[in-house]
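Here come two complexes built around chain A, the first alongside chain B, the second alongside chain C.
Moving on, here comes the complex of A and B:
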């Protein structure tokens, strides 16, 4: 095994494979920065180019590109409040708040360092788990995946403010997200729900236009209202000084980073949950780590732990989602489904052969994830000064540029004007939520998990009727969901007892 | 401002949930189950929020509420103007298509709204348009629809 691991490294370091990986990293770097143009889309666009490549070169190219998009996606989230990827939206809450306080460098440093830790843990999990993951994946059928979605929804309690009113608004926002998740053709009877006879809405609301609207439009309006740069009138020197501080934050909260990385890996391994879920669960877990009331109030207002959690989970999920793809040919996400197409194009069948005949290739993928992320983080740190200075650019110059980014990002989701309308509508919804003091994070969690929950509930009932409720893992997950909801209440009670 | 906005939003959500429940009541049970299971609690939660806003004490500073909206009249005027620009950009994209709307919007915003000089306005417009063309059209061949105006005139 060690021999195969080293052989995998040697293969990836061959000049041709390394060259293709660097090309992939370069492409992925920019794709991550551009909202809407996601890693999955670019993988699909680049698939035809791998026909003439050797398998190691092809996967170095594709995985190199894909594994860095989550890292650079955090950059626009932190700097402009525009999610570069659907899976980097949670970083906005605290990362952009830090940028507005003149701590863009620290936020970027934390996002990059935690992303690297997450990617390494994901890669490590991939290397270690391939031989033993089969029982885990087979334990999780539709009932367990439904309950996992419910556990995710339970994190709404952590994403809400403290107190009864905060919880009410959190669950209200979450329910609103769940409601919008029902738009589109239903999975059972095929009824077009809330589509207003519009073909565009039959497939439901796409996540990217909604996320871009709900986060970016209010940020733009607020930037215009303030009439300053993102970092306000803060001196430029302060912005980048904290980059190393951000790295130190990662190690200061190392166990939180590790835990969030493991959450990301686990969500990645579970086929069908999708990468967008991991960041919110990790954010919810990070918010739970607040020990005092003051600390808790800091989440959403620029607590670095709110950057570390999603940053780590985002990248670790990639290694995780590769596990079922390689081991069983069951893709853990859309991007992995496209990567599966790459396997087919190259004449490789995922499955047991990947653990015997192609073991070296499997480990070359692990090394690709590691090297691509290390290279990206080094490149990002080299340009951190310039990146952080973008927050001092005048609002009058920045606003039209961000708007162009927002419109292109939204439109490229489906290449349909409907995407732009969705962005504008949810931009208005997001702005009014901000005005009303309603949290936006639970809304997104509800939207992300709604469709997943409904699909798996339907399959569970159709397959097992009510007997699915008695499955041991389901019962354990019910317990976890209850614990996740009650924990913030317990924390609040303990805090008031101490006060 | 929080109070009025929250009340308005809660009423809007109640209307939305009410419509959702009404529409779902005519669907087959399988299709209606989930919308009803969410719509009814959504209506109840929105009603509770509206009542709490009307009769309860104002909430303390909200953690996790991220942005702090500005209430000054001048700021609100600026927001209204910005919203106008956003809709104008949307209209330009739909009518003229991205390749024309992007340079047009950038230049006009920078010059008229931003009050920037000619050199900066033209420079940014040219660079962004070149990046747009080079990346999205030449390299990635992403399909950007022609503007409706061109379709109406028979050029689409």
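Moving on, here comes the complex of A and C:
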């Protein structure tokens, strides 16, 4: 096994494979920065180019490209409050808030350093999971996946602000998210729900236009209203702390970063949960780490831990989602489904063979993830402090540029004017939520988990009737969900006992 | 002298174009009714690389994705909006004739009025169940004591509609559990014994047959090498009505990768594309490429494809009503 691990490294380090990987990294860098153009779409577009490549080169190219998009997606989120990728929206909450405080450099440093840690842990998990992956994935059937979605929804408790009123708002926002997740043709009876006789809504709301609308539009409106730069409260041109401070933050909260990486890896391993869930659960977990009421209030207003959590999780999930793709030929995400097509093109059948016959190739993928991320982070650091200066550019100059990014980004998801309407509508929703002090994170969590929860609940009941409730893993997850909900209450009590 | 020749050539060009379609320097767009990444998109991109070599003037061929409404949006666009100048080709959901037949809201096209170029592939649908189950034939499924659980992605998909008809029309003891997010998710559910089997295209199930995870039991009309010996659903029909309904569900599978031009496209352009399409699919370079991608190409001519559309859309009302009870348009 060690031998295969080393052989894998040697394969990746051959000049051709390395060259293709760097090309992939370069492409992925831009794809990640630009909102809308997602990693999955780009993979599909790049697939034809691998016909003449060797397997190691092809995967160095594709995987190198894909594993970088999540990292650079965070940059757009932090600087402009526009999600660079659907999987980097959670970074906006605290990352962009930090940028507004003049700490863009620090936020970027934290996002990148935690991304690196996440990627390394995901790759490590991929390498370590090889012997146990089959039993692990097979333990999680539809009832367990449904309960995982419930645990995810339980994190609303820690994403809401303190007190009964805050909780109520959080859960109502979550319910609204669940409601919007029902739009589209339902997979049980084939009925079109809330589509208002339009074809556009038939396949449900696309995540990218909704996320771009709900997060970016309110920021833009605020920027216009303030009439200053993003880091407006500061004297022009003065940014307090630089990127290196963010790296130090990563190590200051190292265990949190590790835990969030593990959450990301785990969600990635579970096929069918989708790529955008991990970041929100990690964010919820990061918010749990607030010890005092003041600290809790700091989340959403620029706490660096709110950047570290999702930053780590959205990278570690890549290593995780490769696991079911390799071991079962069952992709863990859309991107992985396209990567699966790449396997077929190269004449490799993913499945148990990948863990024996093609073990070296599997390990070469692990190394690709590691090297691609290290390279990206190093490149980024070279000009992070320059990037951070963008937040001192006058709003009047910046707003048109951001608007272009926003609308092109949302339009690329379906090439349909409906995308723009959805962006505007949810922009209004987001604006009023911010105005009235309603949290947006629970809404997104509901939207992301709604379909998963609905489908797996249906399957569980249809298949097992009520018997699924007594499965041991389901019971354990029920316990975890309850603990997640009660934890903020417990914290509150402990705080008042101290006071 | 050279200049003169060039001028002459330029003057002659419009005349040549009138006599024979020449798309030199033009860009042809293939409109795909799905997002990048799926089978329809992959087929279109593969064709786009080889089609130019067979079109006079070697135009650039690009792919544009126009997803939504299970391809209805793209079909409406090609039918009503795209100029009939031979620069727009449409490819979309093979089940669109079913959408038209069952009067799905939003359909603004008539499948029989498109100018048909042809189809690039067949889709053979089979039902496969776990190898460790005691049932070996379709008769065993009929007489099974416990219902056999079949996972599906939802109404309108072949993972759902095919087993539904087997259950309701042929009396197979099946229980259909729908809501899986993709056919590979169902495969994983088979692996962990949450469900007993699934229906789907032979291409997608074949790797798992090879791995001895599942065995094929029954197929629909469309046939490929390797499954000739499986019983066909229509041959087991108890009455003509049941047979007609199953036939109607299977019909579009012969036209699995349809390619059309807008209705008003001139006849000479249509015949040029038909020839180019036929030649492209036989092109050794494309054949080699498709073999590599495990993507079976099967040429169906424009006339044959049009005939399938006319057959589907000329069914008597009672059959259509009965059909609509079982089948909903989707995916």
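Here is the rule we use: the second predicted complex is superposed on the first by the 492 of 499 C-alpha atoms of A that agree within 3 Å, B and C clash if a C-alpha of one lies under 4 Å from a C-alpha of the other, contacts with A are read in each partner's own complex, and residues count from 1 in each chain.
By definition in this document, a residue touches a chain if its C-beta (ideal position, glycine included) is under 8 Å from a C-beta of that chain, and two chains touch if they have at least 3 such contacts.
Remember, it's a predicted structure, so these values are computed and weren't measured experimentally.
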Report summary line: Between chain B and chain C, the one with more contact residues on chain A is chain B
Report task. Tell me which partner A:49 touches in the superposition: chain B (first), chain C (second), both or neither. Result -> neither
Report task. Name the contact category of A:403: first (chain B only), second (chain C only), both, or neither. Result -> first
Query raised in the report: Is A:415 contacted by the first partner chain B, the second partner chain C, both or neither?
Result: both
Report task. Name the contact category of A:188: first (chain B only), second (chain C only), both, or neither. Result -> both
Requested in this report: Quick one: classify A:345 as touching chain B (first), chain C (second), both or neither.
Outcome: second
Report task. Mind working out whether A:254 is in touch with chain B, chain C, both or neither, as first, second, both or neither? Result -> neither
Requested in this report: Would you check which partner chain A:142 touches, where first means chain B only, second means chain C only, and both and neither mean what they say?
Outcome: second
Query raised in the report: Touch check for A:456: first (chain B), second (chain C), both, or neither?
Result: second
Query raised in the report: First (chain B), second (chain C), both or neither: which does A:383 touch?
Result: neither
Requested in this report: Using the superposition described at the top, list the residues of chain A that contact chain B and also contact chain C.
Outcome: 45, 186, 188-190, 415, 454, 458
Query raised in the report: Any idea which chain C residues touch chain A in the complex?
Result: 35-37, 41-42, 45-46, 49, 64-70, 72-73, 76, 105-106, 149, 151, 153-156, 175, 177-182, 184-185, 187-189, 191-192, 194-195, 207, 210-211, 289, 292-294, 328, 330
Report summary line: Counting only contacts in the complex, chain B reaches chain A at residues 1-2, 5-6, 8-10, 12-13, 16-17, 20, 23-24, 27-28, 30-31, 34-35, 38-39, 41-42, 45-46, 48-49, 52, 56, 59-67, 69-70, 75-76, 78-79, 81-83, 85-87, 89-90, 93-94, 98, 102, 105-106, 109-110, 113-116, 120, 124, 128, 132, 135-136, 140, 142-145
Report summary line: Contacts from chain A onto chain C in the complex sit at residues 40-41, 43-45, 47-48, 51, 137-139, 141-142, 185-190, 197-200, 202-203, 271-272, 324, 328-331, 334, 337-338, 340-341, 344-345, 347, 349, 351-352, 414-416, 418, 451-452, 454-456, 458-459, 462-463
Report summary line: Touching chain B in the complex, chain A uses residues 30, 37, 42, 45, 92-93, 97, 159-163, 165-166, 168-172, 175-176, 178-179, 182, 186, 188-191, 193-194, 217-222, 224-227, 287, 296-301, 394, 396-397, 399-401, 403-404, 407-408, 411-412, 415, 417, 420, 424, 427, 432-441, 450, 454, 457-458
